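Two complexes are shown next, each including subunit A; its partner changes from subunit B in the first to subunit C in the second.
So, the complex of A and B:
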């Protein structure tokens, strides 16, 4: 056996696992998307691109993308700003840091579904504490979950509540890894806190910021459980996201073939748009090579 | 530029114990206006602590710091008007070379015209004129270090420029160039310059005065010449000069010293000024150990143990009595083959008691 071949043998177990875990489900989904598999006729028949032609005209699918974009970008931006702000606050305080770290970890440790149920109760129009508070401030109670705009806001609030700690931890770790000298140099040069943040802290935090934002965007685009529990996509389809719509088609209507086509289209669109977002972010936040 | 007074200054990082563990022991010293100093010592001797106390990054646990008589001990770094260059070049990553140099002036809200004029002048001096519009991030590390220095130079209010081992990350060839530039800058602006280093060559070539530190104490302050010829402390003898000074443990004897049976002439050595029970040592630099083939009254018989060539010099290791001494001589100087004696140059024989210089002969 030649050296090249023997190398291949060593790689083989890894490759097999990779194919089994990643490639097979993907390829299977693609195959299913060309079939008419549904609850009445399960099986892999071949209907060509019929499912794909159907989804092109499925406005509900495309609208869900718009809502997803709003929800994901909106909540991740809020998470980033809040997380960064909190990290900056506790960064220098060694004693408080430990306490906050534990405190902020709690939302991340809770089970998403349970947490969503609690939030649904809190937002409940007549029984929820949120409206109690509104009444206490002498305002009319608000239909948190049954009005389109408010329902969207409620879900974003829950998302921000649950995922800001992640941002906080990532950015705090980033801040703690920064060298000390640039800050000393800025102090010596006479820079105030705002200038120091804009010229020293933020540029040095750009790489980790991009990383954290991208990770959160990928996670946030898969949002399903909180939508399912809190609003079930309602009122109407006002909070229905792509993954939730695919879930309805695949697991509620059992149009498995069509849901597979939706899933695959979703995957392609997400891969392309996240790549573009990452590029844009990198270009905006990292220093351009002007040399 | 200003004179910097350190008055009864001391620092301890750990103040929990009853007796503080000093990183810098109490001392008083004045850095003269416009002078170039090197602060020389091994790693961990307290030189960076001392520097950071002057720049205000570290608050001293005892004593005061005065700039031109004004007490600045409690002032933060930003209000002390010092410039500091760190071991690793610090640049503002998002800014061009021009903006990097202009940054301290922008923070002080100077008019654009003045900023351009001053940055232009400093860039000229540092040979950065052609790269002003480039991104600072893409420059080589020596150019970045020049920018760090330049940010101190553009300000005309700096009391002193403190450099903390600024050439550590620079390529050896460029080190020479940067050192030359530092000297030029110093000549031009008459700056009070304090240069921290653990490299004796750097210290000796750059500074007019060298402050040698060891284990939190200043052991000697002097010109490079003085440090070489009259090390006040045995440590200075070891640390400065290559190879280090020969040190032979000894005790006083008639007309000289006795180093475990070996008599070395040392006119004028007596008990005066030497504490009873003090550890005595005879010191002589390898440069002042002469090898001859002629026996004389004060010549000591020797055998050649090892011979190394270092460029224009040779370093001979000689056995005298039970001791080894090193001699440094020109490469073309012949070495006697059969019989060999060493003589120590008059006026270069040093006697130390408890590591402090007590007599010269």
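So, the complex of A and C:
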């Protein structure tokens, strides 16, 4: 057996597992999406594109995409800015640097659904500490979870709190891997901290920034537990995201075939959107690097 | 001599028998019960069974509600019979699909199932009928007719009754009996302050007692706590309010659908009126009250924040627990009603001098044995043991277990007054309320039809959209009706009608 072939033999088991894990569920979902499997009709019959035609007219599904976009983009941008700021803070020699690095990571280590319950209690409009604080500042208590805009903001806050540490971790790793020479050169040229950040640090961090943003966008677009616990998609449908809507249709209503069609459509849309976003980010951030 | 021997033998036998009974009664006390009640399902009977080497798989709700008693009685059953009992706990939102998927895919995943009885329209085909020997037990015969009906599909009992639920009104007696407040209320509204008999009265009282310190603790208090969070049992709260306007006792053939045509009635004026009032009710909710789940509602009323509330027994039982701030300050009453009730035949409002107040037998926990189970004998024994008289008495006393009265024996006033320590006033009133609901001839049951979750979920969404101001009540319910129609067509009109006929039969007392 040639060396090339033997390589394949070693890779094959892993490849088979990977295909089984990734491809089979995907193909099965596609097959289910062409069936009428629901609470009254178990099994994989064939109904053609009926589910896909139905979802074209499902305004609740398309509206949930709009909310998802707002929630995901809003929270990831905030996470990026905060994460970058915190990473810059502990990148340089500061006192208790190790302590702060661990401290900033704690929210990410907590269980999302448990934290969502705790945040829900904090935002509780009559019993939660957030409104106690608002009252201390002599403002009227706010309807954090029962007014559309504030409910959206509350969920974004929870997401930012939970996932900024991920950004922090990625960006800190990026900062620590940067070569020292460009910074020395900038210092010799007399560049101040802002100029150094804009002309040296930020452009050199562009590739890792794009990676971190895309990874977080993928994760944020699947947001479910926070919405489920904090608002159940309400008030009305004001915080209902695509994944929550698919969850309702699939697991609550048990419309398995239709939920599969929604899931596959969601996957295609997300794949296209994220590819476009990655390209746009790369063009915006890497062009600046070349300039 | 012979005679002496005979009597000695008899005396010895009696003494041994008595001694044995006393010993076993004492032994069983270690399980936390007062005394074992003899019968086919008793501790003594179970201890004679031998299920060594056999395993029972049970799926139930998360701890504590129903999950904790399942754990407790599974452990006891294991010790008594030698069986291995594996209990799987699942959150409520996941429970339906965790049961349904194995059913639909033909897997024999669980022998015993604990779930919400409103799903019986979906599950009944997969459940084993309760064998006659269990139907003939004293415990089962004592289950009230209302809850036997809930456990029955067609003419066959397919669910084993372990709980019963109903929604009713809870209110603060200290406020309603306060002479100063009575005077102020009369001055302001021109009406006497009394437990509301209609939703309009409820509205007026809740509004009057909203936003000021009627409890004298320096904090503002509010009119009403209600379940309003979209996917957190809000559909039950809406049915509570809507039944008064939409369930006309003089019109047979369905409240949610017209049984003949299977046209949804959810957007008819009775339901619309109830939703309009539900939307207006927001003004007397505590802050955040329009996003309250069941837990919030219980906490709000039980914590003394609101004057009134209405939903399950658990809220009342918890309000009367020794640690409760409002212990002995709570009263119970059937749900308010309405003088005006929509008549879908004449398309007019019918006037009732005595308010129409249907009793909503809202879904409660139930249990069943899977048809595919290979351990049906052991599974039914487990359920029979779970709900035996001693265990039921024990479980009724623990609010967090979520088990509420379902046998005639559970409506014994002294049990609640003395054993629970509620006293005569509260205990008697509680039993009277529950009995009124149980014996009502004007019941509303859950929509126990295939796809009930789809119907309830779209109704909750519509109600929530109206509450949030996204749609008017009429628009919201028109959209729900449209979705219900599509769902009926998708599942199959005949299939849904056949199932709904079972519900209508109960509601129409046929």
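Here is the rule we go by: the second predicted complex is superposed on the first by the 271 of 291 C-alpha atoms of A that agree within 3 Å, B and C clash if a C-alpha of one lies under 4 Å from a C-alpha of the other, contacts with A are read in each partner's own complex, and residues count from 1 in each chain.
We adopt the following convention: a contact is a pair of C-beta atoms (placed from the backbone, for glycine too) under 8 Å apart; a residue touches a chain by one contact, two chains touch by 3 or more.
Since the structure is predicted, the reported quantities are computational estimates derived from the model, not experimental observations.
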| item | value |
| --- | --- |
| Contacts of A:126 with subunit B and subunit C, given as first, second, both or neither | second |
| Which superposed partner A:190 touches (first subunit B, second subunit C, both, neither) | first |
| Partner chain(s) touched by A:200 [first = subunit B, second = subunit C, both, neither] | first |
| Contacts of A:181 with subunit B and subunit C, given as first, second, both or neither | first |
| Contacts on subunit A seen with subunit B and repeated with subunit C across the two complexes | none |
| Subunit A-touching residues of subunit C, taken from the complex the two chains share | 93-94, 96-97, 100, 103-105, 122, 229-232, 286-291, 293, 296, 299-300, 303, 305, 450-451, 453-454, 457, 461, 464-471, 490-492, 495 |
| Complex contacts: residues of subunit B adjacent to subunit A | 55, 57, 76-78, 82-84, 86-88, 90, 92-96, 103-104, 107-108, 133-135, 137-138, 148, 151 |
| Interface residues, subunit A side, partner subunit C - complex | 36, 38-43, 60, 124-128, 131, 141, 143-146, 148, 151, 228, 231-238, 248, 251-255 |
| Residues on subunit A engaged by subunit B in the complex (per definition of touch) | 179, 181-182, 184-185, 187-192, 195, 199-200, 203-204, 287-291 |
